[in-house]
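Chains: A, B, C and D, in written order; residue numbering restarts at 1 for each.
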Amino acid sequence: MTLTTEAGRAKHALTTMWTIRRFEEAVDDMFARGLMHGTMHLSIGQEAVPTGACMALSEGDYITSTHRGHGHCIAKGAKLDAMMAELLAKETGYCRGRGGSMHIADVATGNLGANGIVAGGVPIAAGAGLAVRMRGGSQVVVSFFGDGAVNEGAWHEGVNLAAIWDLPVVFVCENNRYGMSMSVDRAFNVDTLAERARGYGIPGVTVDGNDPQAVHDVVAEAVQRARSGGGPSFVEALTYRWKGHSKSDKNLYRTREEIESWRERDPIAAFEAVVTGGGAAGSASSEVPTLSESDVEECRTLARDRVREAIRTATAAPDADAATLTDAVYAPAGESIAGGTRG
Amino acid sequence: MTLTTEAGRAKHALTTMWTIRRFEEAVDDMFARGLMHGTMHLSIGQEAVPTGACMALSEGDYITSTHRGHGHCIAKGAKLDAMMAELLAKETGYCRGRGGSMHIADVATGNLGANGIVAGGVPIAAGAGLAVRMRGGSQVVVSFFGDGAVNEGAWHEGVNLAAIWDLPVVFVCENNRYGMSMSVDRAFNVDTLAERARGYGIPGVTVDGNDPQAVHDVVAEAVQRARSGGGPSFVEALTYRWKGHSKSDKNLYRTREEIESWRERDPIAAFEAVVTGGGAAGSASSEVPTLSESDVEECRTLARDRVREAIRTATAAPDADAATLTDAVYAPAGESIAGGTRG
Amino acid sequence: MTTTSETVNGAAAPESGPVTGSATPAAAEPRTLTYSEAVREAMAQAMAADERVFLFGEDVGTYGGAFGVSGDLVHRFGTERVRDTPISELGIVGAAVGAGLAGMRPIVEIQFSDFTAQAMDQIANQAAKIHFMLGGAATVPMVLRAPGGSGTGAAAQHSQSLEAWFAHVPGLKVVMPSTAADAKGLLLSAIDDPNPVIVLEHKLLYKQSGPVPEEPVRVPLGETAVRRTGGDVTIVATGVMVSRALEAAERLAADGVSASVLDPRTLRPLDDQTIVDSVAATGRALLVQEAPKTGGFMSEIAARIVESPAFGRLQAPVSRLCGLDVPIPYAPQLEQAAVPQVDDIVAKAGELVRRW
Amino acid sequence: MTTTSETVNGAAAPESGPVTGSATPAAAEPRTLTYSEAVREAMAQAMAADERVFLFGEDVGTYGGAFGVSGDLVHRFGTERVRDTPISELGIVGAAVGAGLAGMRPIVEIQFSDFTAQAMDQIANQAAKIHFMLGGAATVPMVLRAPGGSGTGAAAQHSQSLEAWFAHVPGLKVVMPSTAADAKGLLLSAIDDPNPVIVLEHKLLYKQSGPVPEEPVRVPLGETAVRRTGGDVTIVATGVMVSRALEAAERLAADGVSASVLDPRTLRPLDDQTIVDSVAATGRALLVQEAPKTGGFMSEIAARIVESPAFGRLQAPVSRLCGLDVPIPYAPQLEQAAVPQVDDIVAKAGELVRRW
């Protein structure tokens, strides 16, 4: 499936990327203005990874996400107003204001949750994959994580479980070159993180994480393998975060030039160039452009309007209710709320 | 350095292996007769690994050991009576009867301790290597662990730290094909565990763990690399435990034939055959045998006598003293007891 | 899902003297099982009744579990549903969280409760908090079974009693069965529960026998059992200390001291009312645990007693008898000295009654 | 190794009224530092005095630490001694154990105390037990620093107060500094100590200032500080609750209620004598902690009070005011409601005094 040559797909990809970008910009702005509290980890610059990866998924498929999870959540189809409401600590937020940015989940679309713990979602993804396998289901689980997560014990154990049991999990590493401040060059003794995959006997591939088509292609192949019983895969997507790690980051550990050079590789601008045919970027763009300038404008407008609308709706919603603070520490007896339907 | 062609070395290797064998047989026997309690994990069948590895070390070098640690302890030069006393819960034991089999350490010879936690010693070894590095010392740390340990998060994190910081650590995996009952075939999706090494950017090699010369050679090369600043290595030694995992093992997970086939590859008998020149085993045995039959007999006798003497001494020693039970929970203020001298 | 209606309340107690656990009411010649068999039977019945239930952990398959608890289950349910795992505690608990989130009912066995230390992130930061962090939008139904306790010469890293760690974590439920019947009944309730439940079994109890109903009878979580009633002192004990307390109570009775023995069974949620009522009646409380004293769960019970109306009825200081503040030593005589024995309970309870 | 003779005993207290922390006696115009600067100064002085001391952890180098605590240390001591690590909490704590065993004096920073869950095996099963398991043959001198506490909107996995976990582990020492001076002085003592010491800092305190001696003045481990003396009620508080208790005490004083405020500072070993003496004098104890109530460390203090001679002097039930039994929520108004505030302390202490 190509995202670049089919208009519907191209629009979807572009709108998703713009929605992530606009959502994060809005969050950045509201945070700076004191309208949001806590901490936020933005995906600006990394939009192509969740977009490309989630377009390789079908309904019912699961994802596990991270502290830098807004993009995954949006790409998997979450409602922007419920996301924004969560960040604004509203009762209508995905977590009723209990979780905030680092814990947004959207069980309805298969997003089993962001996670404040680096690599926390990796064994959880293996477990979801195990559930699918045991039910004889056909779903696939995509587990997103950063480069930093790859050095956690949880990552090692989770990946190995998926590998030995041939679980339908695709491990997608968003390698943005840094943990909080430690570069992959210092945290790893290998050139590509994909080299780790071999030690678990699973395929590992490194891909341009700023190209949604490239991400999509390798993830789609991995999803296909997983769905047909071929077991897990590891995908390393090379990308970059434009903003600091979180609010307190002074960017002391990287140069302005490095940041600039990556901003010049803006995944959205590059995709627009390709689909409008202006791209020398090398993709198999046909003579006839896939999207017109006005198509592109439409995507941008749609993204901007959606985000605006989400802010409006969320802002008007009631604050999280302290009177019910002790609710939901425990689920009441009876049927549990399954994260997904049975296979 | 060859163990097989130099008489002194050959005797040392043979005596060490026989000492381990006899020690473990004595423990097995005393345990069966109710003279020892707790649980014991015996190294019978695996004697060549600690023997070959420790002969590649110099004084001042460190090791970290495991629940199956008697062999490491003996090979690193521990006193048999203090070991036996520990197993017999005596005040004269290495741990004053507080630790038992799973916690024997002999700080004087650089053995930082057995460990009841699978892979527990791996990050500790990295830390000892870090200490050496920071002091500008020239010691090397050998970290022993089983195949099962390789799937623990602690292993992953410890090996990576050593790798990125070029620490002088040699990771020696005693792959005896099983954790407690789970075979490496089911616990790993790779053919050799050495394949894991690549993911950390360190050399990994698989070796016949029943041949002390082979073990020695690869460990010596790794030690040399570590000592000269070349960083850590991973050595996988293929071996087999003849006995059950521990006292409660009914051997349901492996066949009698499998056990038999490995007993036929007895590391001690094979080494004797080589050094006495009778071995068709293929080693570069010269025309003139390295050891005579009486040399071999001498090694056996020495081992047997040492173990007997240890049992005698230990048995006569006073029991661990309950009156001082709460001693040594905390070290008193003042200088700490360094595990080693400063570099 | 099997019904939860067949519950037994072990908290009901006759006027005085020993209470026969929480067995089925008036079953003639109740069948006996070991504690370990009772755990196995609970798992077998749950797996038979609900295909979402499965067991996994290190060596739970052919080996039958490090303590033989899973036994032959792999032959009855196959290697998919009785699944051996690599030695990866954090990974397998995380996999249980994920499987639970995705609609299964995993039971994960950790070989020794000491190794929950490896898995604390998935236990305390994930399993316990996900339901709340998601505002109730998902549940993590899972059971983590692990044997604790000393007495086997396994030394400091294989003998801990870590219930206080888990009992301090909102979002977890924590169970410590002390009889074969409870081992079965509480485990069945734990499997039914939509929340993560930590079931701390005890190594020394595995081979002890007791009456166990054949049917899948639930013992509800959160009900303190009154194992024995007496008027002079209330002994609260957990795990293997319950049978020691009962033995001590018999000996105390011979000395003219009449003791109630209470077994909370579920530490979280704790049925403190039953404890408070008993202490209000006896005026004296002796709290017995195997875990080291400082920061142990009995300090919580002590605090609840003195915060309750029983405070005004106390005739003696609330008193704890606990493990010493030491790691568990290897030498048998030291190991014995490190945790309360029957003699210690007799002495301390006697002192409480006679001195105050 | 620097000398340990320059110690300050913060437990000494005048007759009544506020006590000015544990500053140097009678220093004219003492210099002030923030709590975070005080921690940094302690590390700098320890590193300058002893080449075995070094700091490592995630982003402690150029980044200066997630909370800026290490700041410019990397420029002063270089990247070997102020060492960035990968995200591998279990591995780095294990490396600290190994480095300590091999003769160094590591300080390891865990970015949020919540992530000690990842490292619990190396903390509780290795560091804490090795000295004992080896019969005293080796020591594990190491310091683990980690910030705890809520109030920053970081939600359930970044806001916990986990001191009770550590305080329950024989072999560990556990420190919770509540002032800048103690942040420095206790850390210096922790670095000197041959045992593993867990130092739980508090995020909300990092920016608070207070007088801090310039010299490397040790505050000994195991001495409860009397922050304020009063005759009606003893308030025991830890971490950020100390300053809230002091503020509450001022307001209570205006209402005619005179409160002592005690800060244990070291939870393990605990100086309970100072607490018991105070409670014996006031007859009332209010125990305030941020951590969830059930199984928190204040239950230990409650249990010790009622086991002590102070029991006979109690005029009111020993009372705890703690965090609710919930994970810390994200929404600011919920987060505030989840842990004790000044108003709550005023109300509860007032009630204790007036009602009993």
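The rule is short, and it goes like this: a contact is a pair of C-beta atoms (placed from the backbone, for glycine too) under 8 Å apart; a residue touches a chain by one contact, two chains touch by 3 or more.
Only a predicted model underlies this, so the values are computations on that prediction, with no experimental measurement involved.
Of all the chains, the one whose CA centre sits at the greatest distance from that of chain C is A. Across B-C and A-C, it is A-C that has more C-beta pairs touching. Measuring from the averaged C-alpha position of chain A to that of chain D gives a distance of 38 Å. Look at where the CA atoms of chain A average out and do the same for chain B: the two points lie 46 Å apart.
The residues of chain A that reach two or more other chains are 95, 97-99, 103, 115-117, 120, 151-154, 156-157, 160, 164, 186-188, 329, listed in rising order. The multi-chain contact residues of chain D, meaning those touching 2 or more other chains, are 85-86, 88, 90-91, 114-115, 118, 121, 125, 132-133, 155-157, 170-171, 325-327, 329.
Within the complex formed with chain D, the chain A residues making contact are 37-39, 86, 89, 95, 97-103, 115-120, 148-149, 151-154, 179-182, 186-188, 248-250, 252-253, 319-320, 322, 325-326, 329. Within the complex formed with chain A, the chain D residues making contact are 58-59, 61-64, 66-68, 84-91, 114-115, 118, 152-158, 324-327, 329-334, 336-338.
By the touch rule above, chain B contacts chain D in their complex via residues 62, 64, 93-99, 103, 105, 107, 112-113, 115-117, 120, 122-132, 134-135, 153-154, 156-158, 160-161, 164, 327-342.
Chain contact summary for the complex, chain A toward chain B: residues 151-157, 160, 163-164, 186-190, 195-202. Across the complex, chain C meets chain A through its residues 1, 4, 54, 80-81, 85-86, 88, 90-104, 106, 121-122, 125-126, 130-139, 141, 170-171, 173, 192-195.
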